[in-house]
Amino acid sequence: MKEAVVLQEQYRKIDFLKIKKKQKRVRFVKGMLFLLPSMILFSVFLFYPMARTLYLSFFLTDNSGATTVFVGLDNFKNIFTSPIFLKSLQSTFLFVLYTVPGTIVISLFLAVIANEKLKGIGFFRMIFSSTMGISVAAASVFWMFLFHPTMGWLNQLLEAVGLEGIGWLTDPKWALISVSISTIWMNLGFTFLILLGGLQSIDSHLYESAEIDGASYLYKLRRITIPMLSPTLFFVITVSFINAFQTFGQIDMLTRGGPQNETNLLVYSIYQEAFENYQYGTASAQAVVLFVIILLMTLLQFKLGERKVHYQ
Amino acid sequence: ACSSVEKDSEGTAKAKEDGESGGKTEVTFWHAMGGQAQVALDEIVKKYNESQDEVQVNAEYQGTYEETLSKYHSVGGTDDAPTIVQVNEIGTMSMVHSGNVEPIQKFIDEEGYDMSNLEENITNYYKVDGKFYSMPFNSSTPVMYYNKDAFKEAGLDPEAPPETYEEVEAAGKAIKESNSDMKGFALQAYGWLFEELLANQGGLLLNNDNGRGDTATEVAFDNKKGKSIFEWVKRMMDEDTFANYGTNSDNMVTGFLSGDVAMFMQSSASARDVIDNAPFEVGVAFIPYPEKEERHGVVIGGASLWMSKGKAEEEQKAAWDFLKYVQKPEVQAEWHVGTGYFAINPKAYEQQVVQEAYQKMPQLQVTVEQLQATKPSIATQGGLMDMIPEERKIIETALETVYNGGDVDEAFSTAVEQVNAAIEQANTARGE
Amino acid sequence: MSKVELWDISKSYDKQANVLNGINLSIEAGEFFVLVGPSGSGKSTLLRMIAGLEEITGGTLKIADRIVNHLRPKDRNLSMVFQNYALYPHLNVEQNILFGLHAKKVSKQEQQDRLKKTTEMMGLSELLKRKPRELSGGQRQRVALARSVVSEAPLCLMDEPLSNLDAKLRAHMRIEVRRLQKKLGLTMIYVTHDQVEAMTMGDRIMVLNDGEIQQVGEPIALYNEPANLFVASFIGSPKMNLGKAVFNQQMLKVEDFLEIDMGSIQPATKIVQAKNLTIGIRAEHILPAVDREATHHLDVINVEQLGNETLATFEIGPELWTAKWLGQWSIKVGEKVPVHISRDKLCFFDTDSGLLLKAASPTKEKEVAVV
Amino acid sequence: MTMSSSKKLVFYLLLTVSALLLFAPAIVAFLMSFMSSQDILTGKILPETWTLDNYIKAFERFPLFGYLMNSFIVSLFITLGQLLLSSMAAYAFVFLEFKGRDTLFFIFIATMMIPFEASIIPNFQTIRGLDLLNTYTGLSLPFFAVAFGTFLLRQHFKQIPKELKEASEITGMGDVKFYLTVVLPVAKTSLVTLGVYGFLTSWNMYLWPLLSTTDDTVRTVQIGLKQLQSQEQLNEWGVIMAGGLIVVLPTLILLFLGQKKLQKGLTEGAIK
Amino acid sequence: MSKVELWDISKSYDKQANVLNGINLSIEAGEFFVLVGPSGSGKSTLLRMIAGLEEITGGTLKIADRIVNHLRPKDRNLSMVFQNYALYPHLNVEQNILFGLHAKKVSKQEQQDRLKKTTEMMGLSELLKRKPRELSGGQRQRVALARSVVSEAPLCLMDEPLSNLDAKLRAHMRIEVRRLQKKLGLTMIYVTHDQVEAMTMGDRIMVLNDGEIQQVGEPIALYNEPANLFVASFIGSPKMNLGKAVFNQQMLKVEDFLEIDMGSIQPATKIVQAKNLTIGIRAEHILPAVDREATHHLDVINVEQLGNETLATFEIGPELWTAKWLGQWSIKVGEKVPVHISRDKLCFFDTDSGLLLKAASPTKEKEVAVV
């Protein structure tokens, strides 16, 4: 009894709330210290430009990007009534729809077959990841030749089997698909490498156990590999999404937005608006819209996705 | 850890100092010439630097025309701006409006320099409100290339290339008949080519005298002249004699060289390469016009050299000296032969090197002839406006629509509407 | 029901030192075979090789009369409990247990039946929806065990499946596992550190040390006639008391300290001939001299009360000997205690080779009068 | 684990076919780099005559070695900077608990959504304002902080068993020490992945190096590549391809080495 | 040397059900305190709360007279052995062991000394350069143990540190850990499932069940006077034999099967008053009727030979009772065996509350004549 009283006194003396607060503060400061370098650079090189972009989106500008006329939301009104911008939105979504699943599925396949312990597997892994080492500009050139309407390998192949050649980059029905194919190819290397890394860090005991249970290859893939890979997959999907929304280089090289604006993806449109047409105002408005779209998609992804992800 | 190379700021400082102490004045020259043109350009600069000991020109590559111009706009008016910058023809108004340039008219006036020894058709373009802002430099126009061997095979006269749209169509049909794998004609979806075809009929691109009298407020081609080009293409499409390479000129040239198409339009600057690389005989011809109209000629394309405002007088003088050097006949002759761009100074064509080259490739001469046959007029002076890049993009989309079976009237009227809207927007942005 | 045969099996991880060496062994179909040995002796390795999870460096492995060296684990038709559980972290308990059955396409109904039976037996019914990371150590181990049991494969490998359970649960599981094995006629290879498990569950025990077989036999045989010093000291808890001994006529002098009268002994026996002799006596054979005459009086240096039994430790020269007496004895450290050591209960080993020379006399087993 | 030879065969088949398909475009480039421009422009698949002219020309066109060196230095800077900053940030997001952590993380992620093209002009002006044009610092600084890297490492750090952190908390190890001596080594593979990625993307950067430099002293190799291309004239594709291959070669070598390292790291630091 | 006090400590993982409930406990400085309890009863949770790895949901925790609820683990000055080892996968054994010392800036020389001492004691000297991945289960556990031991923190928490070791090594480690704890005067909180460890190592034992303290006391007290049915059946192996019983005058009828003559018993005692009675008797108190008179004859339904002892199982109505006899007895399943059950050895519990009514008579402890 007496002890209890003493204890209570002691307990009272320690102001837990205060200590907790202090600890929270210490933890916060520590967290901030770890984040500080990144935060500073982000502020300078990302947030400031972003703020500037937002600011510019309410103005018209002269050729050097200086603001001239305040137009309020007119820039937004304009782009949303512009069929070109709407088309570009649509193309962007389609492009994302083609490339993200395409890239993920193919590179997952590659990662899975390259994850086996076989002789010379290192060579294959290098090949599979090699597209990562090829710059977008170089890769676009490769593909430009493959897509050539008459001499490209693709059409020659089609003609060899008796089919008619396709206007890969000139036919509005095909252009976006063609660009998507080349984009998938360009992204494969990177996605492959990340997924392979994810695969290899799965505890081998799990496979041993499943192997003993007599699980088939596909069953293991479905029940162990994919769920255990989910953090990596989540990462790859999120990043692919964002990257797909921001595709630029290959458009510039392969189609320049054509034919008929079919491949006029948002970032390309922004780039043209800003660097060729010197309409920084509308370009900024488009950039803001793009930002909001990606933000929403990513938020959605985090909300839905991160819950399904299994961390060990 | 970064061993920074502070050359630029130091360089400027040094240039000033040197200017006073009488040493070499440094001139920074930003250009957008890649590939072989860069080789030729570097050669010119090198020779210039060796030719005297007052001025040192540093030529620095800055990417494409667009990249160079964007970058110039972002450093315009600061110490980082170069003394001289190369800007393509459609950037002209953008440069004029930027307020960061020193019109070279100032030096022409001071010195009483005679610009009339330059090719008139070229100077016409770069004269804005009767004033020279920049020094023309690399210029080109489109020409029509054709496959003489294919012409022969189709029973056409390889020495009498088609001149009008209708003749082109007919030739195309003949070629198609003789060789089903070969199309007749290809027109890259490229706004510049549209503008040229328009000018060749004497059509104006923009109102207010092609934007040269006053700022343009809308397009001037909403009539049959503009549309005739679309219709022409459409007719060839219907006859399946038209090859569609979209916006990609490389594909088009490869198609031509490998015998997929018999005629195409492209910059005269490519002439040498096309002739060199073709496994057959290449003909070069004037660009076509509709039968009903008469030929007016072409508008000059390419780029000119601009001088920055706010540089030390010494430096500007030095730059001016270089600009004058660049248009000397000998220099231009080398340039013409080395790259395929025109010589802005007609005297260059009399130079030995040029004559020799013409002997080897008489076709090259056609490009010059076309330019010289051009009737100076507002139409062939070319449109002037800072939203031309946007206009081109819109036209390209319209052309592609037609290439892919779209309706001519609709494509055309949409394009006109869009260009007009763009003009309005650009004018508002400038506060006009 | 699979017979397992090992022919000259060896294993090396680094191509240099062998972890296992010339293992020859035949495990009968339906046998409960227990593997014991010190930590790091290669038990898990052996199990993993049988399962097909480790490459076999040398020798031949036969399961159910087929050579399986080259077969993949899933073709060997067995189940296994891993020492570190190897639960799927992303699946809940139920999914973990049913994982293999799904894979084998067992019908839903059958799956649920087996699941119910097994989880009830293991006391996991309440935890079916939990993820492994929300389980305690013992619960995880039970899930691992359940996963193996539920598969009903004819050959079952278990690597210390009960080590994290409490005594009560362990006793229960011991009986259940054994019952199940009998009922389904499984062949079981079972690694354990627990003496009770080894003695009570196994049809036969194999003692492994440093990758070599020390002895294979029935539990009681190993206990009574350990083939060598290693087995003698390894089997039984507390371990057998050992001491170097020399004959001095009829008297056996242990560690220069304890004298034991051997009575008449044939000088011809190999015991006498052996140059270096080590004797051993089990803790329960050092009796308290209550009803019996005291043969020795020994100094107590430690006493441990286990509740149901008392362990007294004596100093015999440099060695510590332990006596184990049932019940609770009030002995104080420092006391001199009279004990009875019967010469019949001595085991004799050759110190140099470690081999058994003579086991404790085939003691007339104690009997209670049968009514 | 053993694998039957028929299964092996299937895998090799799959691997080979995939590799061929994947590598075809690169093979095209390889072949083209040995063709004369006539061969290329007339659409040959195999060179009629193999020529090294393209390579010679590519080497003559721009100061290749200087450019390569610059690219190397800049990429190295960026890689190291990214590794440091990302791992620190990821550490904070995984192992430290503080208020607003998730919000902050999302803000980090949000930065990935800002299109580079939209921020390049203000950044150029910032760098110019700091007087860092034409310096390695100016070339690399804006890329030190990347949300991408933070995100990647966070995903991996999250897989590190929490007992490791607990064990070191008990021994009284501070966060910095734990970060340095446990997290970084255990996450070596993902660091290598990020490093390789960071290096390659920096290596392949074009627009920024072009913008933030005005003369050739610190320029990178991608600008050199671009210089091989011309405007309004026909491109010499052979030379461009040769240049492209020369530039790709170091990155491929890096990939190969990285791959090896990755492999080794994986077996050494396996969590279980 | 840290005293540890828990005041009304409780813990819940999901804010609903409590895993631990109102734990009040005081552990003396320098005490060896053993925590036992069935799997999932909250032992690890309690340890982790003391270590500061889990948030304390309610109550106050004091270490060395300081309230530490709010302190971070590193400020509590303790060491811990994790149930799943928590070794650093990228460090070799030596680095793993020295990891904490580095952090504490212990001098190089001192580090090496402690390392040498500890690894020798644990038998790890040969393995210093291995990575955890290349160790057997028992070896890993020893590394985890070494890591904690080497830190010499005044408070030491161990979660089943010996569960993966073989009997011999375990006996050795048991002594070593205990010796070290004594020598350094550590306060030790030790979770174990092993009866022998619990009985021999602990100064006191606490029995936990379902997050509630069942009993705290000296090992032998717990054994002899289990506070309730749970403790009775949990402590001791084999577990105490239990059966429902009713008084029929002087005769006690157990499970309607066994009759035990209770002699004269005061009708006033609470034993007789209790409505529902459960009696318990330890396995070693069902004696073979060899020298003694047989009180009962029981059917043997199972016999287990452990070598040093024999376990016989009898059917008592629905219950199974086990007798434990030292030595090897030749009993056959199905035989009727005469046994002696002394009424003094019975424990009485209230079936409803489970509480102990009367412990087995404070048996005169057996003594051997002291010389």
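Observations on the model:
By written order: A, B, C, D and E. Residues from 1 in each chain.
By definition in this document, a residue touches a chain if its C-beta (ideal position, glycine included) is under 8 Å from a C-beta of that chain, and two chains touch if they have at least 3 such contacts.
It should be emphasised that the depicted structure is a prediction, and the values quoted were computed from it without experimental measurement.
Using the contact threshold fixed earlier, the set of chains in contact with both subunit A and subunit E is C, D.
Taking A-D and B-D together, the pair of chains sharing more C-beta contacts is A-D.
The distance from the centre of subunit B to the centre of subunit D, with each centre set as the mean of the Cα atoms, comes to 37 Å. Centroid to centroid, with C-alpha atoms defining each point, subunit A and subunit B lie 38 Å apart. Between the CA-based centres of subunit B and subunit E the separation comes to 93 Å, rounded to the whole angstrom. Distance from the subunit C centre to the subunit E centre is 21 Å, each centre being the mean of its Cα atoms. Residue positions of subunit B touching 2 or more other chains: 67, 70, 74, 250, 254, 258. Taken residue by residue, subunit D touches two or more other chains at 1, 3, 43, 121, 161, 226, 237, 270-272, whereas all remaining positions touch fewer. Residue positions 52-53, 72-73, 84 of subunit C are each in touch with at least two other chains. Remark: subunit D residues 1, 3, 8, 11-12, 14-15, 18-19, 22-26, 28-29, 32, 43, 45, 84-86, 88-89, 91-92, 96-101, 104, 106, 108-123, 126, 141-142, 144-145, 147-148, 150-152, 155-156, 158-159, 161, 175, 189-190, 193, 196-197, 200, 203-204, 206, 222, 225-226, 237, 240-241, 244, 247-248, 251-252, 254-256, 259-260, 262-263, 266, 270-272 touch subunit A in the complex. On the subunit B side of its complex with subunit A, the touching residues are 66-67, 70, 73-74, 76, 94, 97-98, 100, 189, 243-248, 250-251, 254-255, 258, 260, 386-387, 389-390, 393, 396-397, 400-401, 403-404, 406, 418, 422, 425-426, 428-431.
Listed in rising order, the residues of subunit E touching subunit D in the complex are 48, 51-53, 72-75, 77-80, 82, 84, 86, 88-91, 99-100, 102-104, 131, 133, 147, 151.
Remark: subunit E residues 13, 36-40, 43-44, 83-84, 134-139, 141-142, 159-160, 163-171, 193-196, 199-200, 219-220, 223-224, 233-239, 282-284, 288-290, 294, 297, 304-309, 311, 324-331, 335-339, 363, 365-371 touch subunit C in the complex. Per the touch definition, subunit A reaches subunit D in the complex via residues 24, 27-28, 30-32, 34-35, 37-42, 44-50, 52-53, 65, 109-110, 113-114, 116-118, 121-122, 124-139, 141-143, 145-146, 148, 150-151, 153, 156, 185, 188, 190, 193-194, 197, 200-201, 203-205, 207-208, 211, 231-232, 234-235, 238-239, 242, 245-246, 248, 266-267, 270-271, 274-275, 283-284, 287, 290-291, 294-295, 298-299, 302, 311-312.
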